[in-house]
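Look for chain A in each of the two complexes below; its partner is chain B in the first and chain C in the second.
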Partner chain A sequence: MWKLLKIELFKIFKRPRTYIAFGAIAAIVFLFQIALWFDGKTYIELILGNIDASFDFSDQFKTHLLNGYFVCFAVLNILLIQMPLLVALIAGDVIAGEANMGTLRLSLSKPVGRTQYLLGKFFASTIYTVLLLLFLAILALFGSMLLFGINDLVVFRSTSIHQMSQDDIFWRYLAAFGYAAVALTTVASLAFLLSVFADNSIGPIIATMSIVIVFTILSEMNIPLYDRTIKPYLFTTHMVAWKGFFYVRSNEEGATIKGSIENLPAILKSLSVLLIYIFLFVGSAIWIFRRKDILS
Partner chain B sequence: MNLISMFIVFTKCRYCKFFFVTLSLLFYWANANAQTAEEILKKIKTKLGKIKDYEAEGKMKTNVAFIKAPVATVKVFYKEPDKILILNETGISFIPKGSVNININNIFVNMQAFDIIDAGKDNTGLRIIKLLPKDDTADIVLSTLYVDEKNLVVKKSKITTKENGTYELEMNYSKFLEYGLPDKVIFSFNTKDYKLPKGITLDYDDGSEKNPDKLKNKRGTVEINYKNYIINKGIDDKIFRR
Partner chain C sequence: MADLIVVKDLSKHFNEIVAVEALSFSVPEGKIYGFLGQNGAGKSTTIRMLLTLISPSAGEIEIFGMNLKKHRKEILKRTGAIIETPDLYKYLSALENLRIFATLSDIKATQKRLMDQLEKVGLSERANSKVKTYSQGMKQRLGIAIALIHEPQLIILDEPMNGLDPQGIADIRNLILHLSRDLQKTILVSSHLLSEMELIADSMLIIDKGKKIVEGKMTELFAPSETIVELETSNPNEVYEKIQKTDLKTSMASRKGDTILFRVHRKDVPMLVKDLVKLDIEIISLSPKHSLENYFLSLTRENRHVETFKD
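Right after this comes the complex of A and B.
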């Protein structure tokens, strides 16, 4: 299995397209950081505009607010919606790409079981996803911490504001990145499943992107009919649960409880839903692939 | 019996004379000790006037329906006549508008601008003094002070403004009573509704968001517990420009 995994990783990282995702992430994060470096106060004022009738915000407040943790949260808020597309670029190609090049039949002629072969490819896609996230973490978190310094993190939700002290944030990012790895693996497993059906990698990549976009729009819509019937079952609804690590509980006096998570059971439930999806997608891919006539 | 004959009887009676003199003395003593509202405010102003500036360190708790914030260590800087700054040097603190009123000295800066009305005493024995601005265009419509006459400190105040509703201030005195500076201040204020579009915040719906209607039009409080004051050591004006 380890040998298979090494071969698959070699294949992934040999292709130039693999590095498109890394380049895209670096470009987005860098552009975002530059924008906030030069005009961060405008962005902050835009967010604070809703409550500036009740509070005085000094320049020092705005400077403290625009710190590395805040910038990283803003980057993740934007980028973790786009990242599934970058993951699909590789995961949608792992089987369909081989079929397209006509090497799939040849690969399967080796003394390796189809299940093992597929799992090798899936784990390679997962490692790629984790590396992509690690790259994002280094740029968005450590890069922003270096550029903007650290301070308390203030998270602006739709109807509430959560503030965490600076010594209570780093572990939340570790947990959030861990969760995001599972969320993106779900997308990778979907692309992987679709890849089994196709002989051309464009199809599974486009199909995965389309599903993620449609599901994300449905997840973000606030229509009671969808809230009760469709949204709880969409994996995209649960993919944003990494933010739950930044929602804190407060005591009766409204003070943040250090180290608390507002609704950990909800995050664990979302995590379970994603794990079930991964199991279903990968299981289905294996089940279908094992019965498939490989003609290319 | 007419009044003259009553007076003759009264002056001839020894006990009546004693009673009359005692009653007169009591009446004089009571009047001599009863202070007018203006006098009380002047005395408080004189007491507070001894403080040219101070720097205080304290713990600040913010209790606003839609904000969850940790208890913060803040510094409060004051310089006469009316400069005040609440500063969180290392972290972030939401400072409510009107927090300048946490310094009661501000009321005494221009006493001539107010009509002073004595409104008696409340049920805890605090003297109620109302200040009405003479200027119709002033933002403050009415200030009500609850004064501890014995210690010459303002223990509570209500300030009603045109633009930002009513601010209330409660002050507890202990260690710094002799300077007229509180150990604890609770400042309550009106909060406007807070709402950002979900399309911007892209919230994770973990089922914990409260009903937004419950968060509307609530009063918020900021509580500062002072640890220490550094009084009259001089403060640079630059600090107030932050």
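Right after this comes the complex of A and C.
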């Protein structure tokens, strides 16, 4: 398995298209950081303008609000919705791309088990996804910390505001990136499954993107019937649960309880749903691939 | 000599399409076995079944005396193959491609071994060039290097001369002969270049519409001193019965549609003509065939792609 994984990683990182995603992430993060560096004050005013008027924000609060942790949170809010599309670019290509090139038949005529071969490719896609997130973490978290410094993090929700002290934030980011890795691996697994059916990578990439977009729209719809019947079963509903690490509990005086998470069971439940999806997608891909006639 | 590949009643159906039907054949060890058939005859499907890329609908395949389904890995470790054009990773170099497939072949791919292999096929100077810059002939040679890197006992080549120039074809022909004659490898080679097959094959199998038409040693099927004579008649059933009652039946090779094929020594052709006339057979045409191509076309004549170009 290790040698197959090494081969797959070698192939992935030798392809120019692999670096498109890294380039796209770097461009978005830099553009966002540059904009906030030069005009962060207006951005903060814009955000606070959307908050309930009953809150009274002091100038000192506003000054401290724009810091590295806050910028990283804003970047993640934007990017973690788009990243599945970048992951699909690689994961949708892993099998279909080989079929298209004609290398699938050559590889499978070698003494390699089909399950091992597929798992090697799946783990390589997962490592690519994790590396993509690591790259995002370095740019968005550490880059923003360097550029904007660190301070307490304030997260705004429609009905509440959550404030965390600066020594209670870093571990939350580690947890959030870890969760995002699982969420993106779910998308990679879907692209991977669709890739097994195709002899051309365009099909599975577009199909994955379409499914993610449709499911995301359904997840965002505020329709009570869908809230009960459809949303709990869509993996996209559970992909945004990383935000839960930044929602904290307060004591009776209204002060934040350090190290607390508002609803840990909900996060764990979402994590379980995503893991079940990964298992189902990868399991189905293996089942189908083992029986597939290689005609490409 | 033992048979290295034994195929029994092999069939493959794609829904209602029958690609291969009840095909049985044996490939003797250390020989070059030609696999002939028109496009769509079922050659590639059969070869893919031998390499476990396609699962048979029915039948058994034994290679090295082992059941292919049960001993897939052991068999493939001792088998090298080129399936149609050798499609490779174009964004990687020849050396990188070779290293990947050597690793998949479960051998220790040292730099020296890989470079030696590229040297053998004349690609060592371009070892680090990306495959996308290679000509078709160079890709084919790299494909051969990949197929042979683990020193397989059995080599399966599906149309290895496709798209090559005359020099490339000659190189492949010489390589196949060298592998068989000098290194005692067993080679199953499919090709539509019949003149080439005539030069290299020890035995051959002709299939048509997924079924076996004829199988045997080249010396038996097509001795250079022998001639295939094709008789076209308006009443083949009656002629067939007449021939069965005479000594001519021993020289009758096969019958297909309105034609009957005879295999006779070149010097006996005039005698055959006399005998047929004596039998009062209504002859439309009687044509001697001198090449494997003519023999092949006569066996598969019902499947001409373009009727206008009748020979």
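What we mean here is this: the second predicted complex is superposed on the first by the 285 of 296 C-alpha atoms of A that agree within 3 Å, B and C clash if a C-alpha of one lies under 4 Å from a C-alpha of the other, contacts with A are read in each partner's own complex, and residues count from 1 in each chain.
Keep this in mind: a residue touches a chain if its C-beta (ideal position, glycine included) is under 8 Å from a C-beta of that chain, and two chains touch if they have at least 3 such contacts.
Everything quoted here is computed from the prediction, not taken from an experiment.
When the shared chain is aligned, chain B comes close enough to touch A:253, but chain C does not.
When chain B and chain C are set side by side, the one touching more residues of chain A is B.
In the superposed pair of complexes, A:77 makes contact with chain B only, with no contact to chain C. After overlaying the two complexes on the shared chain, residue contacts for A:105 are found with chain C alone; chain B is out of touch. Once chain A of one complex is fitted onto chain A of the other, the partner contacts of A:174 are absent, as it touches neither chain B nor chain C.
In the superposed model, A:220 makes contact with chain B only, not with chain C.
Contact with chain B, but none with chain C, is seen for A:58 once the two complexes are overlaid on the shared chain.
In the superposition on chain A, A:157 makes contact with chain B only, while chain C stays out of contact range.
Overlap of the chain B and chain C contact sets on chain A: empty, with no shared residue. Listing the residues of chain C that touch chain A in their complex gives 14, 48, 51-55, 72-74, 76-77, 79, 81, 83-92, 96, 100-101, 103-106, 146.
Those residues of chain A that touch chain C in the shared complex are 3-4, 7, 10-11, 14-16, 101-103, 105-113, 291, 293-295. Against chain B, in their complex, chain A makes its touches with residues 47, 50-51, 53-56, 58-61, 64-65, 77, 81, 151-152, 154, 156-166, 168, 220, 222, 231, 237, 240-244, 247-250, 253-256, 258, 262-263, 266-267, 270.
Partner chain A is touched in their complex by these residues of chain B: 61-71, 87-88, 90-97, 99, 164, 189-192, 194-199, 201-210, 212, 215, 220, 223, 242.
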